[in-house]
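Before anything else, here is the set of structures, which you'll find just below.
Each of the next two complexes has chain A plus one more chain, namely chain B in the first and chain C in the second.
Up next is the complex of A and B:
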């Protein structure tokens, strides 16, 4: 059963196993440094569909079906799916569930959705409320641009702090069934609180999310009485290079914690900053989902990483709130993945 | 860069003006033909995905001349075709350029009133 540890952290006693995972991405992501780790790369930005929204659904469905195949679990064995995306009313996920027919809980945690879906999946599997669950998230550059910013062909300029929404999806299958022999499990999790330091620039979401990430990391380290050196990697979702710098500074200034030796960010890892013209790095639900469900979990399976604290970061803004000059609330949820 | 690209577009406009004048068009017809030609070229470059790549480096150089306005109308028209011709293309075509038209019209009315007042004295 999940147990509370400290003020914010949940400790899993049955250790839900990561029995399958997969990532599907677009062309630009497949040309990045992690290109060879993704299970499926689409060269066509529409993924053979008629709209970008349908393409995003296709990406997420591909990640889910591939993860199930790798886990050797059939669709009928999944007792709950937790999935989300960036589209209005979460259609990227829910439309895919029309065909998959899982019991489905749609989530919105902005770009922190992969971590949020993993936390909830973990609680369900650890408590026995479900034996096998699916946790998934996706984003698509083209569908996000048209919803949050400008049409693709509009000739504008982006500031250096802006990030590039990742076209990608990731899925993790969790199970409590003893027949599985995966050594990677979820040990602990933390649901973050909203933090807003009055950043209003939607082109600088790394700065809006960094304070929330700092808060969640500090709370988790306090609750578990651990130090950054106890982890192989503290992996944030999509702070980009601007947000990562701020996160390290904030933790040093506010909490006297130095994570610079063990920190990395999915938004920094997924693209080549010099040649891929993405400014501060990648962003979107698909960013952390695709990096976690490929490079990171591959390295854990191979034993090169043994203890990874994955912190999904989300900027909870909407196009309406931006126009109404609201500041951007940030949120960060965390999951501790360990090898048993 | 903006200065160079913007200047180049204006020089191209001047060249077009000379060309149309030589072809026998009067002053009013030439003005119209130059604008239309630049708009058509921008629409083609936007549709073929080239304009935004130039604008990324040129900034105000492509945004300030009539090319910027044409791009602001054509790009949402392309983008929203998946939502249909009426509620997609037509409804969203002036999403970016709309405010320019509204405040451009308001400014011209204000200017007209001020001009009219000055003629009274």
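Up next is the complex of A and C:
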């Protein structure tokens, strides 16, 4: 049963188990430093579908069905799926759920969606509202680029602070069923609140999201009375290199907390900065979803990482809000994954 | 602590209390049959803001702050807010949450959002993951019309099956704190799965959503071993008159269930069909939110309604999916509200 720990943190007493996980990505991601860890890589950016939006649905469905297979859980055993994406009206997720037929709670947390879906899954599984859940998120470079920025054919230049939307999806299957004997469980979770320090540049999402990440990390450490050194890894996703630098500075300046020794960022990890021309790194719901559901959970399963605080970060803007000269609200949700 | 009841239904043992609720609407809604029940009606469609999108945020914030005041709960006591809307990237909700500063879980369920936010709120409050939550949803005729259909100035004709997007918002505050003595509680909840019977006409959302509503209602009645006559009201939102007719037919044909004696629909209730020129009725996240958080919960508080199964219905399409010739997936989530 979930309990409150401090003002914002939820502590899980039944420790929902990570019984399966998988990541599916595109070609560019498969050529990056984590390429060998992904379950499935598509060389065709349409993934055999007729549009980039349908390709994104295909990616998310691939991650989900692969995770279920690895978990040895059938579709009928899933009592709720929490999923979201960046597309208008979240069609990347909802059209996949039409085929999968799970009870489905649609989420919108921008690039924080993987973390949000894990928090809600955790509460459902820990409390008994569901026995087995799916948490998933996806993004696709081509569907996002043409929706948020320019037609793909335009080929506009991007500033160095811009990030590259990841073509990818990730899925975690959680369970409270005693037959499973997974090493990795969700121990705690925190739902973040919106923070907006008046960043207005939609080509610098890292700067817009870093303040929210700092707030959530500081709140969690206070609530749980822990220090950065208590964790093997504090993993943000996806601040990129610009936002990561700002996060570390903000936490030092505002909270006197130094996470530099244990911090990494999914947007920094997924691409090779020198050769892959992604500027500040990867972004999109699929970035942190794919990194978490491959390299990170693999390392936890192998015991090389034992305590990972995963903090998904999202920029809650829209092209309309930008045209209306609004600043960019950021949000960050966190889950603490531990090995039992 | 939530328990599973049947295959899909969640049963709440601690009975989260409805400790506050409020609805804020626009001028047309205030002139309809339920006009006198809304907490706040704006005569200016911009609600004093500079754009229709900001006006929608204003509506949602008004519903939330009014509900908190009626609940005698301060902003700091809210441990999670669940909210969503129809705008791209859900900016109607996220920009309001920037000011309210609640821990915030963004949802996308199209017009089913009010029901989905109540289901998730119920699980959080029942399980102890939160003591007090906010569940909210909103829509605005002008922001929706120009995003989904045509520029407002165009004045295109609409077929009789089309619905009119409600300018409105609703909010429910739930609590597990024993100091409250509310009559009305959430007893059960069900998260629906996507159903798509290949309806492709975006001017007939009622037909697209009715199959999902039928599925959720039939599942709930099976899980709980109850009959339509066991309820004072089975309230869908927002099928409109076309969708309501189809729902009643579908349940008779497919499940041999007759809900005609206890059914009503928020989209049918909110406007006067003869004089308000809304064709099939109201729609939009704000429709069921505003009707539930005024007339319905008022009648429950007064004891005139004691057992209401509220089923929010959503059409999970986007303008892009329609252009790509996709059919329209529907979803429906339900909560059972009872008087103790």
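The criterion applied here is as follows: the second predicted complex is superposed on the first by the 339 of 340 C-alpha atoms of A that agree within 3 Å, B and C clash if a C-alpha of one lies under 4 Å from a C-alpha of the other, contacts with A are read in each partner's own complex, and residues count from 1 in each chain.
Methods note: contacts are C-beta pairs under 8 Å (C-beta built on N, C-alpha and C of every residue); 3 or more make two chains touch, one makes a residue touch a chain.
Quantities reported herein were computed from a predicted structural model and do not represent experimental measurements.
Novice: For A:156, decide between first (touching chain B), second (touching chain C), both and neither.
Specialist: Touch partner of A:156: chain B, not chain C.
Novice: Going by the contact rule set out at the top, does A:27 touch chain B (first), chain C (second), both, or neither?
Specialist: neither
Novice: When the two structures are overlaid on chain A, which partner does A:51 contact: first (chain B), second (chain C), both, or neither?
Specialist: Both partners, chain B and chain C.
Novice: Return the chain, chain B or chain C, that is in touch with more residues of chain A.
Specialist: C
Novice: So in the superposed three-chain picture, is A:227 touching just chain B, just chain C, both, or none of them (first/second/both/neither)?
Specialist: After superposition on chain A, A:227 lies in contact with neither partner.
Novice: Enumerate the residues of chain A that count as touching chain B in its complex and touching chain C in the other.
Specialist: Touching chain B in the first complex and chain C in the second, residues 50-51 of chain A appear in both lists.
Novice: What does chain C use to touch chain A in their complex?
Specialist: Against chain A, chain C makes touches at 1-4, 8, 10, 50-51, 53-54, 79-80, 84, 86-91, 94-95, 97-98, 101-110, 116, 119-120, 123-124, 126-131, 147, 190-196, 316-321, 324, 326, 329, 331.
Novice: Which residues of chain B touch chain A in the complex?
Specialist: Contact set of chain B toward chain A: 46-47, 49, 51-52, 54-56, 58-59, 62-63, 68, 71-72, 74-76, 78-80, 82, 95-96.
Novice: Quick check on the complex: what are the chain A residues that touch chain B?
Specialist: That would be residues 50-52, 146, 150-157 of chain A.
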